[in-house]
C-alpha cells in the first residue's frame, strides 16, 4: 500500500504529525488528506515532551512541510 | 472535504498562518487562495505571544512556505 | 483575484519581499513575475530595521524561497 | 538503475533515513515507497549516536523532507 | 521578460548566487540554466564579506535551493 | 549543456555533494541520477574540514535537498 494510501486509510483517527518550522509535535483527528499530503485536522493540540501545551482546534497543514505522520495508539 | 477546499470555504474570514522562516504568527482576512495554497491576506498583522507587533496590510504568502492555517474564532 | 494575479497587477511598483535563508527584507521595483512567483526586481536594497544596508541592483528571486510579498505604500 | 528504483528494490529490508527538521536518524523496515519517495516504515526507531532513543512504530515520511536513505547492513 | 529568461540572457557572464543551507555567497561564470533554474557555473568561488575564501571550480546548483541571482558588475 | 545533463555526464566518477540539513559534505561515486537530480552514490563518505569522518556506503540522496554538486579532481 502506497504511503499516501496508508494515510488515507486512517482518516477519522487520531494522528501525530512532526512539522518543519518552529511548531512542536501536533496531535489531532484526521478529517481529510489530499494527494499532496495536505492534511485537515480537528481537535488539534500542540504537544511538548508528552504534555499538551496549546489547543489549536481545526487546522490545515501544508503537505510539503510535514516530516512525519504516525497513528496514535488508542 | 479536501484540505484546500476547507481553506477556500473560509475566504472572507480572519485566519492565522504559521510560516517557515523568521516571521512570527500572521493574522489577516483571507481574500483569495489558489491550488498551491498561495494566499492573499488584507489587514494583516504579525503576532508575538498574542500581541500585535507589526501591521503588514495587504500581503501575498507563498503556499509552500505555509506550515499551518487555522480560522480565528470570532 | 488569485494571489499570483495580485502580484502581476503590481508589476512596475515598489514591493518588499521576505525570503527564506539569511537575507533580510528586500525592497525593489518589480519588473516581472512568472507562474512560479519567481521575481525580477531592479533597484533592489536589503533592509534591516527600516534602514537600507546594501544595494543589490538587478536580482532574480526564486519563487519557492519567497515567504511574503507586500506592496510598498508610496 | 534510477535512484528511486534502488529504493523500491530494498522494500522489506531495514533502512536508515536522515530527515530535515529536528528529528534524528530514523531506522525502520521499509514497507512501501512512491514516486515522490514518500516512505512507509514500520518498527521505526529514532537513533542518536548509535543508540535507540525512541520507538515510533508505523510512520509515513514525506519524500521532499528526506535527505538521505541508506540500507542497514544486516 | 520573465525572470528565468532574464537569467538565460546572462549565460556566459559572471553572477553571484545566494543559496539556502550553510554555503556563503557563490560567484562564478554561468555556463547553463534550465527551466527549474538549476545552474551550471565554472570558475566558482565562495565569498565571505567580499573576500574569496574557497575555489570550487565547476559546480551544479539545484534550482529550488537558490534564493537570489544577481549579475556581477564588470 | 543543461545542468542535469552535466551531472549525467559524470556518472561513474567521484563527486562531492553539499546537502541541506545537518549532514556535512558528502563524497562518493555517482552510480545514477534522475530528472529530479535524485542521486545514488556508492563508497560514500562524510567529510568535515577535508577529513573523512564517517563511511556511509550506498546512499540515495533526495534531489530537492541537494545544494551543490561538484566533480572531485582526481
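Every chain is named by a letter (A, B, C, D, E and F) in the order it is written, and numbering of its residues begins at 1.
Please note the rule applied: a contact is a pair of C-beta atoms (placed from the backbone, for glycine too) under 8 Å apart; a residue touches a chain by one contact, two chains touch by 3 or more.
Keep in mind the model is a prediction, meaning the values are calculated, not measured.
Trainee: From subunit B, how many touching-chain steps at minimum until you land on subunit E?
Mentor: Minimum number of steps from subunit B to subunit E: 2.
Trainee: What's the fewest number of moves from subunit B to subunit F, given that each move must go to a chain touching the current one?
Mentor: Minimum step count, subunit B to subunit F: 3.
Trainee: What chain lies farthest away from subunit D once each centre is taken as the mean of the Cα atoms?
Mentor: It is C.
Trainee: Going by average Cα coordinates, which chain is farthest removed from subunit B?
Mentor: F
Trainee: Between subunit A and subunit C, what's the gap in Å when you average each chain's C-alpha atoms?
Mentor: Roughly 33 Å separates the two chain centres.
Trainee: On subunit B, where are the residues touching two or more other chains?
Mentor: 19-20, 64-65
Trainee: Touch graph of the chains shown: is it line, ring, star, complete or other?
Mentor: If you draw each chain as a dot and join those that touch, you get a single closed ring.
Trainee: Enumerate the ring members one after another: first subunit D, then subunit F, then the rest in ring order.
Mentor: Traversing the ring with subunit D first and subunit F second gives D, F, E, C, B, A.
Trainee: Contact residues on subunit F for subunit D in the complex?
Mentor: Per the touch definition, subunit F meets subunit D at residues 19-23, 26, 31-34, 38-40, 56-62, 64-65.
Trainee: Which residues of subunit F touch subunit E in their complex?
Mentor: These residues of subunit F touch subunit E: 1-4, 6-7, 18-20, 37, 63-71, 73.
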